[in-house]
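One chain, chain A, appears in both complexes that follow, with chain B as partner in the first and chain C in the second.
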Partner chain A sequence: MTAIEVAGLGYTHPGSDQPALADLDVSIPAGRVTLVTGRLGAGCSTLLEILAGVAPRLTGGTLTGTVRVLGVDPSTREGGRTLVGRVVMLLPTPSSQLSGMTSTVRDEVAFGPANLGWDRQRIARVVDGELDRLGIAGLADRDPATLSGGELQRVILAGCLAMEPEVLLLDEPAAELDPPMAERLYALLPELTATTVVLATTDVDRASPHVQEVVVLDGGGVVAAGSPSEALGQEAVVGLDAGSTVARIVYEAGGRGRLPIDVAGVREWIAS
Partner chain B sequence: MIRHVEGTGILHRIHPLTAFGLAVSISTSVFVAPPPLGPVAVLAGTVILAVVSRLPSALGRTVVVSVPFWGFLLLIHGLLRHDPGRAVVIGSRVSTVILVFAAVVTAVQPARLVDALAALRAPFSVGYVFSATLLVVPRLRDRARAISEAQQCRGLRVAGSPLGRIRAVVPLTVPLVLSALSEVDERAVALATRGVGGRAVRTVLHPPNAGGLDVAMGILGVGILVGSFFWRVG
Partner chain C sequence: MTGIQLHDVHFAYGARPVLCGVSGQCGPGEVVGLTGPNGAGKTTLTRLLMALEHPGAGRVEIGGRCTDGLGPADLADQVGYVFQHAGRQFFSRTVLADVAFGLRQLGWTAARAGAAANAALAEVDATRMAGMHPHDLSPADHKRIALAAALAVDPSVLILDEPTQGMDRPGMLRAAAVIRRRKASGTAVLLVTHDMAMLAECADRVWHLEEGHLVLDAPAPGLLRDPELLHRHGFTEPAQVAVGRTAVRAGEPAPIRLADVVSAVRDRLRSPPAPTAG
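Right, the complex of A and B next:
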């Protein structure tokens, strides 16, 4: 079953002549974790903003082609309203995603569920659960304005997860996290079995072991798609500097064809 | 700068809308009460309210803002027009309005105000506009400090001669204004990604309760306004 269907998608940012996305076709299966990656400027963040209904409705710009998220067009006002709470996006800069209306972390995490009109008992239950899951229960009574970037990123992610979305869009969710915490965050994603997760990051080495599907973008279009080993092991992807470090090392050592993307893959590749 | 400060004084404990109602009542009364004694009496009462409510920061800020203003008033009306009483009346009125709203902004937590408005079934946007207004000054101050530090790292000199300081204003002001404008877009995106704009009615997380203290403050507010009116016509 497909959660997201994009066909012939083009998008140009306001004030720009160059399209950020051009004739893009992507299909993202429901209930799986899909990594969208590519070089900086490849269009990954833009794609997520379109799926979230942020672009072009709030940011402006020109969109062509068709987008369907859970069967709804998020670029229309009515579609955007329908998807509120069902599709949730984590921005890469957590400080810009603070509600600005709360004085405790607990209330900040509860901000999204409260906007969905849930009863207070349900909100308290999911908030406590997400604070525990992300290891920030100890911050519950702190003022969000006093937190570090990494703490804030976990708070905003907890707020997104607390909304129990059907589609979770994560744009560089580990940008402000230290390596162990980033690892922990990525490892959490496959546990969200009821949620379709779309993860946009250039942190391919850490993220790829925890995803089931990969879409590699370049120049606003799809370069490769498939399972992690299928998509990230392609020479074209390695040549873009968008693949895994292991694949790049093997490529630079003279390896060609389908390249291994991790150490286990290297062992198999040598044995074959 | 005026911003919310945690506390347990009277204005902290009452319902946010009672506090704003009291502020409106006092601000109106200071213009209704007959000069010259009326505005001075209302100002004195407001100072007592701020002291009893343990809001020294609001008092301090009001003094800082009012002192130069009083200086100009006394210069213009006292020395040039030989009417110092007029300076006292105008100064009392302005200082009262500044003090009472400084006290309310210091005492009322923006989130409580939003909850109070949401409990009245006011649209989210109304509560957010109130809240954002209360928070805009500290947010801009933080941003101005960051811009100043960034520009100094890039060689901008903000100290020195008066001319040098004036020159430094442009590289500090332009990014501040532009970033304040982009903040509007950032806020819109942030709220849209966190469930604002849907069909549901927002849940009030901490419904503010109105108790006996609110009744007393309500009576006080109405009493001040009615008393000022009858003092004037009587």
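Right, the complex of A and C next:
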């Protein structure tokens, strides 16, 4: 089943004469974790903003082609309304996503569910569950304004998960996390089997072992798509200096064709 | 003694202790990577080094001066810094004016400040961004411009809080090259980061902070080559170091920097090791 279908998508940011996305076709399966990556400026964040309905409705700009998220067009007002709480996005700068309306971490995590009109018991249950899952139960009574960057990123993510979204869009979710917590976050994603997860990051080395599908963008279009080893091992992708560090090392050492993306693959490749 | 010196530094936000007796030094021409879990006190330590905060007990010395009684402005000609959220560091309408802002505050003439700002933008390969509005840039480019602003004053101490956050690999390598050049000309650099590949590219030593205590002060290459020590402090081995180890002969130290790993793999392909006897 497909959760997200994008066909012939073009998008130009307001005030820009260069399209950020051009004639993009992507199909993202439901209930799986899809990594969207590329060089900086490839259009990954822009694609997520469009899927979330943020662009162009809130940001402006011009969109062409078709976008369907859970069968709905997020770029229309009616579509956006239908998708509230069902499609949730984590921004790369967590401090800009704080509600600013709460004085404890617990209330901050409850903010989304409360606005969806859930009853108190259900809210308490999901909030406790997410605080535990992200290892921040000990912060529950702290003022969000006093948290470190990494703590805040986990609080905002807990708030996203608490809404039990059908589609979760994550833009650089580990940017401020320490290495063990980043690992824990990525490992959590495949467990969210009721959720379609779209993960945009350049942190491919750590993320790719935990994703099932990969889409590589460049120049606003798709250059490769498939399983992690299929997509990230393609010479065309590695040549861009996007994706796997391991593959890039082998490429710079003279390797061509299908390249290994992990250490075990390098061992085999050296032996052959 | 110049650079950074910390003598038994304690600091608390109200009743919540954040730093509990931190001592260490980072001399001229040295790059110390500061690591630790979220909430360990890393960013707080950088605030003490900028004299934005002062220790409850102990001493912080920058360039041989104790920060007691000093504010950020008193250190502005010696210390360059990149904040964790670099987007909040900008005030001006153009990138160039922003990079020059700190220099003008120091009383430099417009011509001198402009020249230094242009040179700093060139150093981080951002000359083409000079006329852009800072808020039109990506978070990764905010970090890049903040680094240029930190470099422009030609500081003897650089305090960089996650300078490569949001960058892709080419951006990280570019920033690492800038830091190595500054180190070579005698700058003391404190580099707060979670990015192990960045530590591999440019750190001499690693300070690891846990719950306000400095639990590790070790040479970076030794740490990066020791999977067990890495694991004990919650680090994951950077992929490049693991690849490096597969390419060198048993007993040889694994290469750490990306360029050295590439050379090792290339050498290995040219001359595979002879099969061992027995």
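Quick note on the criterion: the second predicted complex is superposed on the first by the 266 of 272 C-alpha atoms of A that agree within 3 Å, B and C clash if a C-alpha of one lies under 4 Å from a C-alpha of the other, contacts with A are read in each partner's own complex, and residues count from 1 in each chain.
Definition applied: contacts are C-beta pairs under 8 Å (C-beta built on N, C-alpha and C of every residue); 3 or more make two chains touch, one makes a residue touch a chain.
Please read all numbers here as calculations on a predicted model, not as lab measurements.
Applying the stated contact rule after C-alpha superposition, one finds that A:Asp178 touches chain C and leaves chain B untouched. Of the two partner chains, neither chain B nor chain C is touched by A:Met1. Residue contacts after overlaying the shared chain place A:Ile270 against chain C, while chain B stays out of touching range. Contacts of A:Asp205 after superposition on the shared chain: chain C is touched, whereas chain B is not. By the document's definition of touching, of the two partners only chain C reaches A:Asp241; chain B does not. Applying the stated contact rule after C-alpha superposition, one finds that A:Ser148 touches chain C and leaves chain B untouched. Every residue of chain A that touches chain B in the complex is listed here, in rising order: 52-54, 58-59, 80-81, 84-85, 88-91, 96-103, 107, 110-120, 123, 159-160, 163.
Chain contact summary for the complex, chain C toward chain A: residues 13, 35-40, 42-43, 84-85, 87, 138-140, 162, 165-171, 194, 196-197, 234-236, 238-240, 242-243, 246-247, 258, 261-263, 265-266, 268-269, 272. Looking at the complex, you find that chain A touches chain C at residues 39-41, 92-93, 95, 146-151, 154, 172, 175-183, 202, 205-206, 241-242, 244-246, 248-250, 252-254, 262-263, 266-267, 270. Interface of chain B with chain A (complex): residues 4, 109-111, 114, 124, 128, 131-132, 135, 139, 185-206.
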